[in-house]
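Order of writing sets the labels: A, B, C and D. Residues in every chain begin at 1.
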Amino acid sequence: MTQVTIWNEFRHERTDPHVAALYPHGMHATLAEGLARTGLAIRTATLDEAEQGLPETVLTTTDVLIWWGHLAHDEVSDALVEHVHQRVLDGMGLIVLHSGHYSKIFRRLMGTNCSLQWREADDRERLWVTAPGHPIVEGIGAYIEIEREEMYGEYFDIPQPETLVFVSWFTGGEVFRSGCCYTRGQGRIFYFRPGHESFPTYHHPEVQRVIANAVRWAAPATK
Amino acid sequence: MTQVTIWNEFRHERTDPHVAALYPHGMHATLAEGLARTGLAIRTATLDEAEQGLPETVLTTTDVLIWWGHLAHDEVSDALVEHVHQRVLDGMGLIVLHSGHYSKIFRRLMGTNCSLQWREADDRERLWVTAPGHPIVEGIGAYIEIEREEMYGEYFDIPQPETLVFVSWFTGGEVFRSGCCYTRGQGRIFYFRPGHESFPTYHHPEVQRVIANAVRWAAPATK
Amino acid sequence: MTQVTIWNEFRHERTDPHVAALYPHGMHATLAEGLARTGLAIRTATLDEAEQGLPETVLTTTDVLIWWGHLAHDEVSDALVEHVHQRVLDGMGLIVLHSGHYSKIFRRLMGTNCSLQWREADDRERLWVTAPGHPIVEGIGAYIEIEREEMYGEYFDIPQPETLVFVSWFTGGEVFRSGCCYTRGQGRIFYFRPGHESFPTYHHPEVQRVIANAVRWAAPATK
Amino acid sequence: MTQVTIWNEFRHERTDPHVAALYPHGMHATLAEGLARTGLAIRTATLDEAEQGLPETVLTTTDVLIWWGHLAHDEVSDALVEHVHQRVLDGMGLIVLHSGHYSKIFRRLMGTNCSLQWREADDRERLWVTAPGHPIVEGIGAYIEIEREEMYGEYFDIPQPETLVFVSWFTGGEVFRSGCCYTRGQGRIFYFRPGHESFPTYHHPEVQRVIANAVRWAAPATK
C-alpha cells in the first residue's frame, strides 16, 4: 500500500481565526481525510513537531510526500531539505502545493527561482486540462472551477514541465501553468497550484481528486 | 538572406467586405509589408494561383513558409501537402497561423487531430509569455494584448510543445496554448494563434514582431 | 482487466524456415504466452485474417495494441490505419516493435519519416536504461543485453521522445534511441526496438518484461 | 559582439607533465584560440586568479560562460556559484564541459546528482547526432569520432534534456547522452561531454566547431 506523508507548515491555522475556521485541525488534516477515503495509507507531519515532523524513520518509509509551506520556508533546516532531495532522487514521489513553489526543496529540484506574479484578491479560477488521458486528471472534465482563490500569474520561473496538465485562468486577466509534472532522478514531482489558506479550496472534491490521482502517479513503480 | 514565402488562402478578403476593408490586398500583403521592414526577403503565394501558389521552384527556394488557411483546407492538394511536409523534414521552417491549426500540413506534422474549442465573439486576448529569453519573444514584455479577437480554447489536441512560448487568456473564461514550438526532422515549426480574419490583428506591431522573430528562429541553421 | 491485442504481420514465420524454427506459431504467439503469464488478457491478430485481423469489435475493445510489421506495411489498408489512429487519440495504448518504426500508423502518429540506419549482421546489442524509476523499466537493471540482433542506428527520424527510456549500443559502432515514449491525444505510445525475426529476441525474459511493463504504462488511466 | 568567458580550473596542466604537453598554456588557451578564429570576443579566467577569475565586472559582462572543472569543484566559492546561477537565470549562456558535470553550478541548475559511470581507459568515442538541423551541429556530419577518450556511461543522473543533440558510443560497450540542451530562467545551458585532460580532445576541429556553435546558440537573444 502506498504510504503518503502530508507535511504542513501549520502556522496560519493556529494564528489566524479565519483560516482556523476553514481548517480547524489544519490543512493537512482536511487533505488526510480526503485521501484516506481513496484507500491510501496517510500520515501527517508539521513543522513544529520534533525533527520538523520528518525524522529519518518517517522519511525513509514515505512513498509520496505532500508539501504545503508559506511563511516559514526559511525555517526548514538545510539538512532536512538535503534528505528530502535525496529521497526524491531515489524514487520518493513529491507533490508540492500552492505556496510551496517557493520552498527550499522545490527550488532545489527545479534549479530556478520559482518566482511568480500574485494578487491576494478573490478571483475566480478555472483550471483547464491540457493533458486529457493523463492519470492525474482521471475523473476530471474539461476544467475545474474554484469560486474564489488567490491569483498566481505568469511568468512562473520553472523549467518547462515534462507534462503540463493544467493551465489556470483568473478573472483578473492572468494565466498560470498550474499542474506541472517533472522527473528528477528516479522520483516524480507534481506541482499543483490551488490552496491558498484563506479559502476552503482543499474541501473541493475535484481538488482532492487531483491530489489523490497525483499520489498514485508519483508513487514509485515498485509500489 | 532568409527567403520567406507567405502563403494565404485569400478567400475571405475577396468575398467579405468587412474583411476586405481590414486587409484590402489580403492578409499576406499586410504581413509581407511588416516583415519586409525587418530586412527579410519576402514572397507571397495564394491558393488560387497556378499550382496553388507553390510550384517546385518556389518551395525548394523557401527557407521559411508562413501558412494561413481556413475555409479551404480540403482544397489544398495532397501532393502539395506531401511536398511541403518533405521540405519541412529537410529543414524548411514553417509558421502556422491561427485557423491553420486545422490545415492538412499542420495535422500531418503533429500526428493528432489539432481540434480545439472556439467562439466567434469579440473577446479580449492576452498572450502571456511563458518562455522569456526565447528568441521568439525578443522585444516583447510580459504579455501582448489584443483588443478584440476570436476565442480559441483548450483542450487543443496537439503533442505537448517542445517549448511553450505563449499562453492566452480570454475574457470569456478560457485559456489556450497560443505559441508552440516543434521540431520535425530538420525543420522547425511554430504555431501562433492570433489572426482571425475579421479583426485587424496582423496590423498589430507586436504580433508582427513575434512573426518576424519566429521566422528568424525557424530559418535553417545554415542561413 | 487490461485487454491487449497483439497484431503481427505473420509472413516471415510462414515463409522462412529459419524464422519458423524460432517462432513456430508466430512471434505474436510467443509474445502472447509471455504476457499471459503476467495476468493480462491477450488476443492476437494477423494481417491475413479477415479485416486484416482488426474488425471494429476487436479494435474498439482493445486497451493496448502491440504492432509488429515489416514486409507488408503497404498492404495495411488506409482505413484501418485511420481507425487505429483515432483509437489511439481516444486513449488506446500502442506499443510499436522493431521494424514497425516504418509502419503507416507509427509514421502517421510521429509526423516524420521514421527512417534510420540498419545493418543485418549479428551485432551484440546493449540497451542502457536512461530513465530508471520509469514504470517501463521496473525490474530491469542498468542494461539489457541481447546476444545477437540486427543493428539499428541513428539518425532515427522521430520527434524527440517525451521520455527516452533506453539507448542501445551495438558492437559495430552505432547507438540508437531504442525505447521512446510519446503521448498523442489521450493515447500513450511506446516504441521498442528489439525483435528482428531471425533472432530469438522475443523469448528473452527481460524483453518480455519490458513489453509487459509498457502495456501497463500505456493502458488508459481508467483501466 | 558576443562576449565569451572561458573558465578553467587550470590545475592538471600545471601539475601533470603529460597534460602540460597537450595544453602548455591550459585548455582554456587552446579553446580560446579555436573560438577566436570564429569571430567571437574571448576572455579566459582560472580558479587561482583573484576572485576565482570571475569578479563582478567580468561576470556581468559575459554573454556566454564556458566551464571546465574537475579536481577542485569544492573550492569554487558558494557565493560565486550563486552569482553565476543568477546570471544564467537572467539570460547568460552556459556551456559545461566534460567533468564539469559534477560542478556545483551544473548540479544546482539541474537539481539532480549529475552522477555517471566512468572508466579511465583509452576508448574510442563516437558522438552520434540525434538532432540534425539543430544550430549546435551545423557543419557536423552523422557523427564525430574521437580516437581516444575517457569513457562516460549511463545512467547519467540529469533531467531529460530539452533537446538531446549527441549520444556517444564507446568501444567498451557503453553509451552516453553527450550533448544536452536546457533552459533555466532566461538562460540556455549546453552540456558537452568530450574533453578529458589527458587527451588532445580540444584540438579536434569538430569539437571546437560544436563549442563555437553552442556559444552562438546559448547567447542571449538580444545579442
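Basically, a contact is a pair of C-beta atoms (placed from the backbone, for glycine too) under 8 Å apart; a residue touches a chain by one contact, two chains touch by 3 or more.
Note that the structure is a prediction, hence the values are computed from the model and not measured.
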A-D or A-B, whichever has more C-beta pairs in contact: A-B
Residue-number overlap at the chain B/chain C interface, same or different (half cut): same
Centre-to-centre distance between chain B and chain A (centres being mean Cα positions), rounded to whole Å: 37
Per-residue multi-chain contacts in chain D, two or more chains: 131-132, 160, 162-163, 183, 185
Residue ranges of chain D in contact with chain A within the complex: 89, 108-113, 157, 159-160, 162, 182-185
Of all residues in chain A, those that touch chain C in their complex: 91, 131-135, 137-138, 162-163, 183, 185-188, 220-222
Footprint of chain D on chain C - complex, ascending: 126, 128-132, 142-143, 153-156, 160, 163-164, 167-170, 173-175, 177
